[in-house]
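When the chains are written out, they are named A, B, C, D, E, F and G in that same order, and each has its own residue count from 1.
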Amino acid sequence: MAFRKFLPLFDRVLVERLTAETVTKGGIMLPEKSQGKVLEATVKAVGPGSFNQKGDMQPVSVKVGEKVLLPEYGGTKVVLDNKDYFLFRDGDILGKFME
Amino acid sequence: MAFRKFLPLFDRVLVERLTAETVTKGGIMLPEKSQGKVLEATVKAVGPGSFNQKGDMQPVSVKVGEKVLLPEYGGTKVVLDNKDYFLFRDGDILGKFME
Amino acid sequence: MAFRKFLPLFDRVLVERLTAETVTKGGIMLPEKSQGKVLEATVKAVGPGSFNQKGDMQPVSVKVGEKVLLPEYGGTKVVLDNKDYFLFRDGDILGKFME
Amino acid sequence: MAFRKFLPLFDRVLVERLTAETVTKGGIMLPEKSQGKVLEATVKAVGPGSFNQKGDMQPVSVKVGEKVLLPEYGGTKVVLDNKDYFLFRDGDILGKFME
Amino acid sequence: MAFRKFLPLFDRVLVERLTAETVTKGGIMLPEKSQGKVLEATVKAVGPGSFNQKGDMQPVSVKVGEKVLLPEYGGTKVVLDNKDYFLFRDGDILGKFME
Amino acid sequence: MAFRKFLPLFDRVLVERLTAETVTKGGIMLPEKSQGKVLEATVKAVGPGSFNQKGDMQPVSVKVGEKVLLPEYGGTKVVLDNKDYFLFRDGDILGKFME
Amino acid sequence: MAFRKFLPLFDRVLVERLTAETVTKGGIMLPEKSQGKVLEATVKAVGPGSFNQKGDMQPVSVKVGEKVLLPEYGGTKVVLDNKDYFLFRDGDILGKFME
């Protein structure tokens, strides 16, 4: 997979947003405006972490495959193999969903 | 419960605001404008804490179930299972109420 | 008392402003405009302190019951049991009055 | 004296400005505009100091009774027993005069 | 080669952007506007790193020859032997591509 | 001398600017506009230094009597015994001239 | 030489810009506008360095005589013996050229 080849630097986290629901449960297609902004995403790759005050590497707090909640704004869109991903700093990710 | 599955990252605290009083003690319904902004909330989930200057994890200062006083502004609204919650940084919560 | 139940977080200090004088020494009532802004207050509750650069807890520099001088601006008004209090960061309080 | 009862917090220094000269050496009264802004002051009370990077208390660099040179701007006016004083952070005082 | 002679200072990284595709796969020439902004680049030279909080040298996180992903904005264009290169701080490079 | 009595605090340096040349080498008087701004100055008094990250006193880098180069802007004018001096932070002085 | 007498303070570096080419290789004189801004310079004097987080002196990263690449903006012009030099902080110099 494309993202396997990409290694974020420092405390950056590469995520893929979940697809917005385009059809209601009743089967009615939703116009794009009615589709909510998707803030859930799956972690695809993580950087090695950032250096703390003591000069030690602080690993990021999420792992590949985890479902995370993104902030509404921020993040950097990157296109890898024609697919949209987003890079967030570890500290900007709001939380994660535990199964 | 929905919030059980959500784990805030770092020093973030997930809270649920108390419901605004919509009826006076005398039984008169209050229009939305007259309902005061609710600043009290219950802690629903807490992050593991943030790293201090020595690189050690500093736990957050509130616990799940505690009643807290929120600042009038700030916080990030998050919707989990169609219910509104708010994320605050531990350091932005003004205080807690002790029974 | 209401404030007994409220515990400020970190280095926050809960104070109650002294009442403005509404009558002159000679017994003449003062209109609200002529009443000076009251900057003296009594400490009602204090937070545990904040963490210093070494990760140790630094207690606040005032104690419950002490009379303090507040800065003219700043502070957060909080209403507890229908009474007005103010929260100040320990470092923003200008000084205290010793009997 | 009033200022004896007031203890500045942290690295704050309470000073009393010298009186502006209102009469020339030749005995002519000066209108208020011609009176220079007085930047010399006497230290009346000092705070215990501020915490340095190691978490140790750093005492202030001036002592009660010393004559200091104030910056042209800054400082907080406080009124104690109907007399004007000014609070400056230790680090904002420009220098002191040695007899 | 020109860049061999140039040694970036601190945590600066000298990169050469990949050439924009000017012809489609079908052989049609693309006008300059239709050519996407190239964010991939090859590392040509790296600085020795920057000093961390302990005063130790922290090497940069990329190596000469690695393919990196640049942020859309930022970087300093430098012309060496009539060829365009860009200098980025190590911390501003988004990630690298692993073969 | 006046400046002997004045002790700058922290890393402040008291300097006296060299006099601007008001006559050309050929003996022609220069109007004030043509006189260049004098950036050379003599150190008249120095503060004890500032505290570094470890809480130790860091002495200033210039000594009384040394000739220094001032930045074009900045510095605080102070009048001592009717003579103009300037206070600069040690770190703002550009360099010194060695005989 | 003039610059021998001048010692920059802290991490400042005194440089002399290379002269802009005023004649093309073919011998045609270039108007001033067509002369590129010269970003290459020779180091003429260096300060002792700056203090790092541990309070130790960190020497500058360039040496007298080295050819450096300057940023397009920044630096402070200083005139020593009627000749133009520029002062840059060590950290603002982009890189150096190795023979």
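Convention: contacts are C-beta pairs under 8 Å (C-beta built on N, C-alpha and C of every residue); 3 or more make two chains touch, one makes a residue touch a chain.
Which chain is which protein? Per UniProt: A, B, C, D, E, F, G = 10 kDa heat shock protein, mitochondrial.
As the structure is a computational prediction, the values presented were derived from the model and not from experiment.
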item	value
Contact distance in steps, from chain A to chain E	1
Geometric centre distance via CA averages, chain F-chain D, whole Å	25
Centroid distance [mean C-alpha coordinates] between chain E and chain D, Å	55
Multi-chain contact residues (two or more partners), chain F	53-54
Running round the ring (origin chain F, first step to chain G), the chains in order	F, G, E, A, B, C, D
Contacting residues of chain E [partner chain A, same complex]	39, 52-54, 56, 58, 61-62, 69, 71-72, 90-91, 93-99
Chain E residues within the chain G interface of the complex	5-10, 12, 14, 45, 47-48, 51, 53-55, 76, 78, 87
